[in-house]
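Look for chain A in each of the two complexes below; its partner is chain B in the first and chain C in the second.
Coming up: the complex of A and B.
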């Protein structure tokens, strides 16, 4: 009772293209996370679906019905705003139950449901506090509780966990997913946090500059990113410019400034073609220096159970390597190995690798 | 390259005790993070070091000089805020040279120093651009250069990466650390983000409700946390309760509430003590039926999430506990409802006395 379909939706603000021919389908009961950098068009997308903004072209269907001319309250959606506002003169419980009461629930039933939602947010013990007595993160959870129990089948969530302490968020995200699933709701959740997307989503849609780049399950997005942008956004892949040196039936050899890597991943590349080579930091294996892929450890950074090594090759190429080996000191020489199955190849983006990385990380 | 020493610093705002007797020393050239949940007093502490706030009692020394009652401008500190506060009507160059100009410093020397700083940080090319033309990451770098432009060697950073996209944050935190080290600065960086603190700092101050719970290297906080709160705050832990049933030399035999016996290296416990075992999700292994481990638990997979480099499994044990297991991608993938046997290496177990106020209170981040 809550499927959602966008068909070729576009929106401009003056000269700025916020959404460009965006099409996306979300099944009833599905949890979809839209992931993208600031300015990608995420909030605009939600506002258009909610009916708070009108698209320039394209259609929106909810449960198969075109809703472009429906006002927000008739669209069966509930929107969580990034800048949510709680009623300052109402208790937490009254704030959460308010929407239900307005919709005609009797006050006992509304408060019971509100308490249940507050329990999910670990705030049932604060039900009778006022908003000003709560931290920003707690207030955000109250607003989230209010959004998910309005009775609408489709939740539109705009960065609903952005103000939470990392510690609380890391558990709450799994519980939020369970809660939404148990109620049989459909969710479209917008964020720029990859871990949050992985924890919550059935499918992830990555958008950039108003366009959908790739849609897939968390596994597909991490294991089969279709281009440099997705790879760089979803993973900590080392991305390097290389030239295809040799093409055989099952593999390709790429030259990265005299460093040769073999890739056996699918894809059609021609000899002499410029490509981007991607290797995740966990896929490089460190061993004693043996003449092949020799590099020097420049830095060794704590990374929980592992250490992240920054290593530098003779040709100046720097990569990050994650390892659980101990005793690897700064300044030591080591050799790297990588399984050809873990060497990704991507077509070279139009503006070159540096521009593509800058687009993801904001630092060139 | 200053050293910063705090002695018994307290601060109250009305009824709220923001700092309750904080003493610590940040060494010359050290990168220290102050980590804690919101409301723990970490920003108050930073503001007191900067001279933007006065403590109620206690003293602050910078390089051995008592600066407790000195105004900010006599402390030689650079301060960077979360909300990148550049002057919108000035280009980057005017922004970064504003301090030296206002302070009437020798123009040639000051400009030369600022220019060098921008070259080292690889941001000289943005000199002529206005704040609205810069990405968040670059704008924050400009703000940092401005903070250092008057020659400050002590850099105070209040959630400097907080306003940036997560991907930008990852990149910039390494840049920040490299900059502090290359320029021989001392840095004190406030954050509520565990991962940020652990990957950027030499040492971390863990704070909760105005108290320093711990001050140690990332390695020690992760592998040898001195109390249960820190163990759980720095990455997650699974908690099991038990009682010491026997002390055998340097080892203890613990009888867990689920009926199992575990032998561990531990000192300072006596027979009959209530204890808590804390085991990190990444330190559990799955075992096949033919290999028997000393300590293993059987249970059913109640939740599976693919988290990029690992799978997170919630395993519901026969005793009714939920154990979280993070297992690297690459091995067999367990399915929802599948019966599994998990075990842990006793070397990776952390052991603590059962907390007086109960486990829930001990772990609470929000007061």
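Coming up: the complex of A and C.
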């Protein structure tokens, strides 16, 4: 009991287009993460679903019922706010019990159920504190308890983890997913954090400039990115501008300033066409310099399991390589190898690679 | 369901707007019709009187010049005294800070006629400070003038005490808001404290100083209650409006009232424009003195005077002056009540005692009690109605486009001279126009509503804008609260602080207001006007007692006010 469908939803604020013909379908019990750079329209999307904003065109269906004219309190959705929005003038208990009291529950019963929800969050000992007296992690759990207790089957989460520091974040991430799954809730979670999305989502929808770019499982998003934007946003792919030199039945050879790479991935390209070549840094294999794809190690950065190399080719092209080999010193020359199956080719977007990267990093 | 809420909301907002228009807006802007209604009276009285020619015009010009000199010098001293005081209150941390803060605010809530009488007694009579120095008269004469500008010192002193809070409070509020980290950074980068003040704080503070000065100027220009008592034969413009209305020189009164309003507008409007055009509320000081040589000299000078001792002297002087101006009159009045209790201490006659005047043949006690009742009943009623009008108004101001205009219009009753406002209300409701009401407590209430609504709207708006209230309302909606619950459980509790603060301010303001009340009261004399009447009929002991009584009431009020607004902000 909690499916959600958006059909061609558009919204603009003055001249700014926040959502453009957005369609999205979420089935009951699914955890969907909407991922996109800052300003992509994520919060607007949630506010429209919750009924706090009204879309200009398009329809929203909850459990198959069109809810466009329903006020927020009758929509069977609950919204988890980015900065929690715990009512400052109420205690923790009053905050959590609020949703039940306004639905006409007896106040004793409402408080009992709120206490129970707090116990679940290990916060029952703070029931009579005020929000400002709690740490960020505690506030987050209170907000979650308050959101869930209303019994709404669709949970909208607006960057719920963004206010927390890295360590608590990764802990609460799994707690959050477990919680939602155990209660059988449908969740729509928006964030701009890729790792969070990969860890939590059944499906990910990437949006950019108010439009859905690609929807799929985390695996699909990482392995089969549809275009440069998705590839750049989801993965640490090295993106390079190149020109198609040769097209044969099952492979394409691309020239990147005299460096030739073969790709055997699907896609139709013409000779002489400008394309964007993408290779994940883990897909480069490092070996002794042997005359082919020779480059110099400019920098070598140690991390948990692997070493990140920044290497530079003769023509000035720099790429990042992840390797678990040791003994690779700065200044040494090595050769790279890459499986043609791991060489991604994307049509070159308008404005070239620069514009695409600017869009991914949200600079534009 | 949703439709019902919508209809309900529109009904509430529309009826609020309508009531607001009739009760507040029309009486305020009705002033503008003075010249039309009174065209003949004005021509007859002011310009072409067959007997005295344009004598009244000469009088009008005279009182206006006098008012201007008075208000301008008052504001100047306010700024000089007010900035150090604001600093002490905003940045200092010392025992007695709360007391000092209360003292600064006291003149805001004190009925000005009572305070005016206390000051008059203190500085110009033998019962005051003169006695302490062994003089047989006051240390000032009522005609002692300030050098050069020909303004009686006593009026000047009273005006400074009454308007100082406006500067101190606006500057202090701004200072609290400015993070001290900028000052720290400036000091660690090598600037002395005075240079830091000029280069770091001044740009942030200028708008506050400016708007505080505008308020102080407007208040001084319109002050009636205290002025009428201490002014003697001199007339300020605001007092002249009242006096002439009493003498049935309606044309002259209306003409002068209109000029006063226009002047206030001419000051307020450019100030508002200037402030809203200043980016982020920061104003760059004029660059006239930013030449390198001048700058270097300035920095050297500032280094010389940045020593702690100078700062302490300055602060000490300012605090001492505040104490002298506010505390001494209160002490003198209370002390005098006791020395006049059973007999006049100088002549020894029992006829000159407080007891005799209250209970004797003059029988002032019942009059006083009746006036107290009139004051409290009208202040309570007008505040009560104003609260109900103000809350939906805050929403209208925030949500609708007309709101910005409304907010600007609401500044008018706050700054125009109250006697002019009273005249406008009287003309609007009275026989000259609607003909619905004659001067009485009902008109007092209607007048008080006109200046109470803006006060409550402003304080509530301040909380509204500072509290992210929309976020909480949204959160409540998604948790299933219907519009009624949202208002009851979220909006009102969050706004409560602003509403209560505004209500207390408007209540005390209504209680102490004199200028407008004198014009609209008819036979229902409020207590603040009663003091004036007592002084004018030379019933000094009765006036003493009433002033002391008013001062005690307002002190209680301010304690309540402190308790309410002193609580930690959410």
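Here is the rule we use: the second predicted complex is superposed on the first by the 319 of 364 C-alpha atoms of A that agree within 3 Å, B and C clash if a C-alpha of one lies under 4 Å from a C-alpha of the other, contacts with A are read in each partner's own complex, and residues count from 1 in each chain.
As a convention for this text, a contact is a pair of C-beta atoms (placed from the backbone, for glycine too) under 8 Å apart; a residue touches a chain by one contact, two chains touch by 3 or more.
No experiment lies behind these values; they were computed from the predicted model shown.
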- With the two complexes superposed on chain A, say which partner A:165 touches: chain B (first), chain C (second), both, or neither. first
- Message: Once chain A of both complexes is superposed, is A:175 in touch with chain B (first), chain C (second), both, or neither?
- Response: neither
- Message: For A:298 in the superposed arrangement: first (chain B), second (chain C), both or neither?
- Response: neither
- Message: Output check: A:219 vs chain B and chain C. Expected answer is one of first, second, both, neither. What do you get?
- Response: first
- Query: Of the partners chain B and chain C, which touch A:71 in the superposed model: first, second, both, neither?
  - Reply: second
- Between chain B and chain C, point out the one touching more chain A residues. B
- Message: With both complexes overlaid on chain A, does A:195 touch chain B (first), chain C (second), both or neither?
- Response: first
- Looking at the overlay, what does A:38 touch: chain B (first), chain C (second), both, or neither? first
- Which of the residues in chain C end up touching chain A in this complex? 1-2, 5, 467, 471-472, 474-482, 485, 489-490, 493-494, 570
- Note on the structure: In the complex, the residues of chain B that touch chain A are 37-39, 135-138, 141, 164-168, 170-172, 174-175, 192-195, 198-199, 218-219, 222, 233, 235-236, 280, 282-283, 303, 305-309, 312, 314, 328, 365-366
- Message: Residue numbers of chain A touching chain B in their complex, please.
- Response: 37-38, 135-138, 165-168, 170, 174, 178, 192-195, 198-199, 217-219, 222, 232-236, 280, 282, 301-305, 308, 358, 360-363
- Please give the residue numbers of chain A that touch chain C in the complex, ascending. 47, 50-52, 69-74, 77-79, 81, 83, 85, 87-90, 98-99, 102-103, 146-147, 150, 152, 156
